[in-house]
Amino acid sequence: MTYYSFLTAECLVLWRRKQDVFNALMFFVIVIALFPIGINSSPEFLAPAAAGIIWCAAVLAILMAVEGMFKEDYRDGSLEQLVVSGLSLPLLILLKVAAQWFVVVLPLLIIMPLLSEMLYLPRSGFWVLMMTLLLGTPSLFLIGVMGAALTVSLRQGAVLVMLLILPLYLPVIIFATLAVQAAQIGLPYAGLLAMLSALSLLFLVISPFIAAIAVKASVN
Amino acid sequence: MQPSASLAISDLWIERGDRDLCKGLAFTLQAGEVVRILGENGAGKSSLLKVIAGILSPLEGKIVYSGEDVTLDRSTLQQDSLYIGHSVGVKGLLTVEENIRCYYPSIAASRLASVLAALGLDDQSDALVKTLSAGQMRRVALARLWLSDKTLWLLDEPFASLDATGVALAEEQIKQHILSGGLVILTTHQDVLSFSYRDVVLLS
Amino acid sequence: MAFNNLTEFLAMGTHGAYVWSAYGFSVLALIWLVWNTLSTRQKTRNILRKRLLRNQNR
Amino acid sequence: MNWRWLHKLGSPKWFFFCFKSWALPLFCIGCFALMVGLIWGLAFAPVDYQQGNSFRIIYIHVPVAMLAQSCYLALGLSGFVFLVWQIKIAPIFIKAMAPIGAVMALIALVSGAIWGKPTWGTWWVWDARLTSVLVLFFLYMGVITLQRALEDIALANKAAALISVVGLINLPIIKYSVVLWNTLHQGATFTLTKKPEMPSEMWLPLLISVIGLYCFVAGLVLWRMQSEILQREHRASWVQQEVMENGL
Amino acid sequence: MTYYSFLTAECLVLWRRKQDVFNALMFFVIVIALFPIGINSSPEFLAPAAAGIIWCAAVLAILMAVEGMFKEDYRDGSLEQLVVSGLSLPLLILLKVAAQWFVVVLPLLIIMPLLSEMLYLPRSGFWVLMMTLLLGTPSLFLIGVMGAALTVSLRQGAVLVMLLILPLYLPVIIFATLAVQAAQIGLPYAGLLAMLSALSLLFLVISPFIAAIAVKASVN
Amino acid sequence: MQPSASLAISDLWIERGDRDLCKGLAFTLQAGEVVRILGENGAGKSSLLKVIAGILSPLEGKIVYSGEDVTLDRSTLQQDSLYIGHSVGVKGLLTVEENIRCYYPSIAASRLASVLAALGLDDQSDALVKTLSAGQMRRVALARLWLSDKTLWLLDEPFASLDATGVALAEEQIKQHILSGGLVILTTHQDVLSFSYRDVVLLS
């Protein structure tokens, strides 16, 4: 096994599971639709809340996607094989996260213009929202992968993952929504975006290692 | 494939749950040898293989591979070994061919085809593995024996759910491997093996 | 003493329910913590003793 | 600098025997001081002229809120100590401390919420301080579940230490973000009441109960660590001797 | 195997997983905390949105609980054994759903006062919210179990079914949130509650059978 | 246990994925007989057992159990049969004892203890099944052979991952069953069985 063949196989599996990705997307759209439908559909209500709604829905969709990331690999023994492959486990995990990130976030970004229109997100906020998603979601994935790795060997671990990682998600969500809101009312938001990037970098450095340790603990 | 590799295990002690396994176990393995781990159900055969493969850590003991002490860090051993456990490590959602390509990305198509033909999987190379029978799934995992360039093979009941032809094929492959100087540790509840081997008995 | 009698003490002005429920919960939680600690301690010792005896018999 | 003393302190056996006789006295002193502080505060401290008698919740709320934060600090620090020096006692400490911290955070939340009703007219506001205590509680739960989830002790140690440290790094970030979030748009609708010019009859019982709670927690932690040490070192002959000789 | 011993075993497994139930609860609370933090924490925003938020979180928690309901049974072969047990498969599934419902929804109802307070849900809406949860969540479980049964072995066609299941949740959510909002502003809500009950009854009747068919299709 | 039961299968045709299996298969089984299904990996042995057990439906063919045509509705047959497949149907999160009690709720404690002792599981009756070894897990599943009052046993590789003692135990139990007039259909890749049986060969 090489890093490249691992990545190829990952992508293939993701492709075979495209319906899951599609479902995550549907879920995302439905959560977002819930607000105008269930609460209030007036622009005055939606416009200021739009970024927050989109981010909450994105967080949930990402959680669903990340949570089961290692489950199948654990069951069929592929995870064991990764551990004994002699390749760097953190790097393998990073590759896996990257693949997953592409598959989940890209479609999300693509339908974003639609959704932001539906929620009356002002133009001024749109590009900042896209930026926050680009810069912020990597940390969501990187944090999530730690939780997923810790719970592979546990049945019904999905919930546990979320318990473990949602507290760590809060700063990301807060910085992101603050940035969009700041942009909407014309305040500077560059600092907040920088904070988001810093968080992503921080977790880029530490989370593969933590996840690798967790995976090793789980496969025995 | 490393020439004249060797594995030496001494004073082992594995703990699983609250059971002590393999207490005081010691054996060595030279190039070209096969060790069959023998023991009742629950004696600790699988646990022993996992310890050697680096999936579990022993409580005590020493594992020396080709002169290097790998007890604490099994990574050099892992570079050079092939482990197939009870769960065989093939992905249900990939096809037979993709599963093998995952482990051996640069393998030539003709080589792959010949291995699949040898295993009797040629007309199912595009089937998703989850639709295969138990024995066929095992064969997909065993395809790695044909393709591997690793020295140390750790096989946990490799013949399980194989039919007679399948067993003969796998045995032939193991024979080839030890002829070319490989090391094999395997567990099996099968009596007759067609190659010469040494037994290591685990008491439970 | 800030109160003249027991009823007044229990009533805490108009805030008796708040004060006493806050204290009640806190004290219960602390007691649970102590109970949990001591019972774990006891259980650990029992388990260890049992394991020890079993291994000695072998 | 000689680190020998640290490793010696970090050896479970040494730790066990060194602090074996500390737990009970600490616990008793703690209980006593806590009782004195609470009863004094409840029955004898003068009434606050603004809040009336509801202010008496302070005698449990503030000590507990302080402990909730100190405990996490201790958790993160010992995680750090474990990662750097591989001190064996550190993960044991984390395992013993996390549930205590969680309970402290929970009590802080509940007593604060109950206090909020008569003073602010609501049980809960999404105030920076309150929210970060809530998050703190979740972080504790995370560490606890993590410790439980992993069965391999060596790796559970490392992972729990790492997560504690991550949490420690993250805690100021959380706090900062929450403050930023809450003050940018909304402005603090409610602020925690400024510390009044307390007469000493008011703050003395508070001080006593704070000290009492620290001792109380120290006693509990020592007990929990002792159980954990026995469990982990169960193969050592001193443990077997200890278990057979001293029943409890 | 009898119905009773099956139920006992189910309950035992759930009991072994009590940590998971607790985690599900924590998850629920965290998701709910996500919204005020991510969107807006003022009572003016939260009070009218509270029912929607709580329902959204409940749907998620239930989705998590239900989604993997048969996974473990499928893996270890228990599901096959149910099929060949000679007992009525729909009834077995119903028992399983009921056990799961108790375990997930009861704790949820218990912490509801706390959460509704955190979201400034007015008193007038609280009991209606409880009613909607009691009457509405059974249909969520019953719908979910069909999806879970169909996707146990990830057979082809799972896409279509998941897409059918997710929208089926929408009416339940809408009726529930509408009922609470109606109660908050003093409008009659009995009709909406009746609708919820009707939905639950409808699915009570059909979903065990569909799920049984799906299970049978999946185990082969 | 039904006296003098019988099973007759004729003109079978099973379709799995796009493969036709067991085409035209026909055999009968009388009380006290064992049939071993023989075939290569992927020949359709497991599929055949699943069809008989009612997990799959055949494309064509007729299945008659004790004179009753059960092709379309296998429920009378299910009432009277015991099926143990490749995945053995024990739950990892229940203990050994709880797993058995799930299938036999009203079994007396002494009976249970004696069965567990016979299987060598007596000191692990309170262990969660997921912490058992592969062979021990199989033994838990096979405990049903000791306790069953069903007539028709459908066993898919019952001896997989059992050690020699375990195989002997299970074989003994099967022998007992056929002596008392039971019917057994099993698949196994093992050569030697200690009871008399008839082979039904599947071509692939």
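By letter and in written order, the chains are A, B, C, D, E and F; residue numbering begins at 1 in each of them.
Basically, a contact is a pair of C-beta atoms (placed from the backbone, for glycine too) under 8 Å apart; a residue touches a chain by one contact, two chains touch by 3 or more.
Chain labels with UniProt names: A, E = Heme exporter protein B; B, F = Cytochrome c biogenesis heme-transporting ATPase CcmA; C = Heme exporter protein D; D = Heme exporter protein C.
Keep in mind that what you see is a predicted model, and the values were worked out from it rather than measured.
Minimum number of contact steps separating chain A (Heme exporter protein B) from chain F: 2. With E-F and D-E as the two chain pairs, more C-beta contacts join E-F. Averaging C-alpha coordinates per chain and comparing to chain B, the farthest chain turns out to be C. The distance from the centre of chain A (Heme exporter protein B) to the centre of chain D (Heme exporter protein C), with each centre set as the mean of the Cα atoms, comes to 32 Å. Averaged Cα coordinates give chain C (Heme exporter protein D) a centre that lies 16 Å from the centre of chain D (Heme exporter protein C). Between the CA-based centres of chain B and chain F the separation comes to 30 Å, rounded to the whole angstrom.
Between chain A (Heme exporter protein B) and chain E (Heme exporter protein B), the centres computed from C-alpha atoms are 24 Å apart. In chain A (Heme exporter protein B), the positions touching at least two other chains are 75, 155, 160, 163, 166-167, 170, 174, 177, 220. Within chain F, residues 16, 86, 92-93 each touch two or more of the remaining chains. For chain D (Heme exporter protein C), residues that reach two or more other chains under the stated contact definition are 138, 141, 145, 152, 178, 181, 185. On the chain F side of its complex with chain E (Heme exporter protein B), the touching residues are 16, 50, 53-56, 75, 78-79, 81, 83, 85-94, 98-99, 101-105, 128. Chain C (Heme exporter protein D) contributes residues 1-3, 9, 12-16, 18-19, 21-23, 25-26, 29-30, 32-34, 36-38, 40-42, 44-45, 47-49, 51-52 to its touches with chain D (Heme exporter protein C) in the complex.
Remark: chain E (Heme exporter protein B) residues 19, 23, 26, 30, 33, 36-37, 40-42, 117-118, 120 touch chain D (Heme exporter protein C) in the complex. On chain A (Heme exporter protein B), the positions that touch chain B within their shared complex are 1-2, 4-6, 8-9, 12-13, 16-17, 72-73, 75-78, 80-81, 83-86, 219-220. Against chain A (Heme exporter protein B), in their complex, chain D (Heme exporter protein C) makes its touches with residues 135, 138-139, 141-142, 145-146, 149-152, 155-156, 158-159, 162-163, 166-167, 169-170, 173-174, 176-178, 180-181, 184-185.
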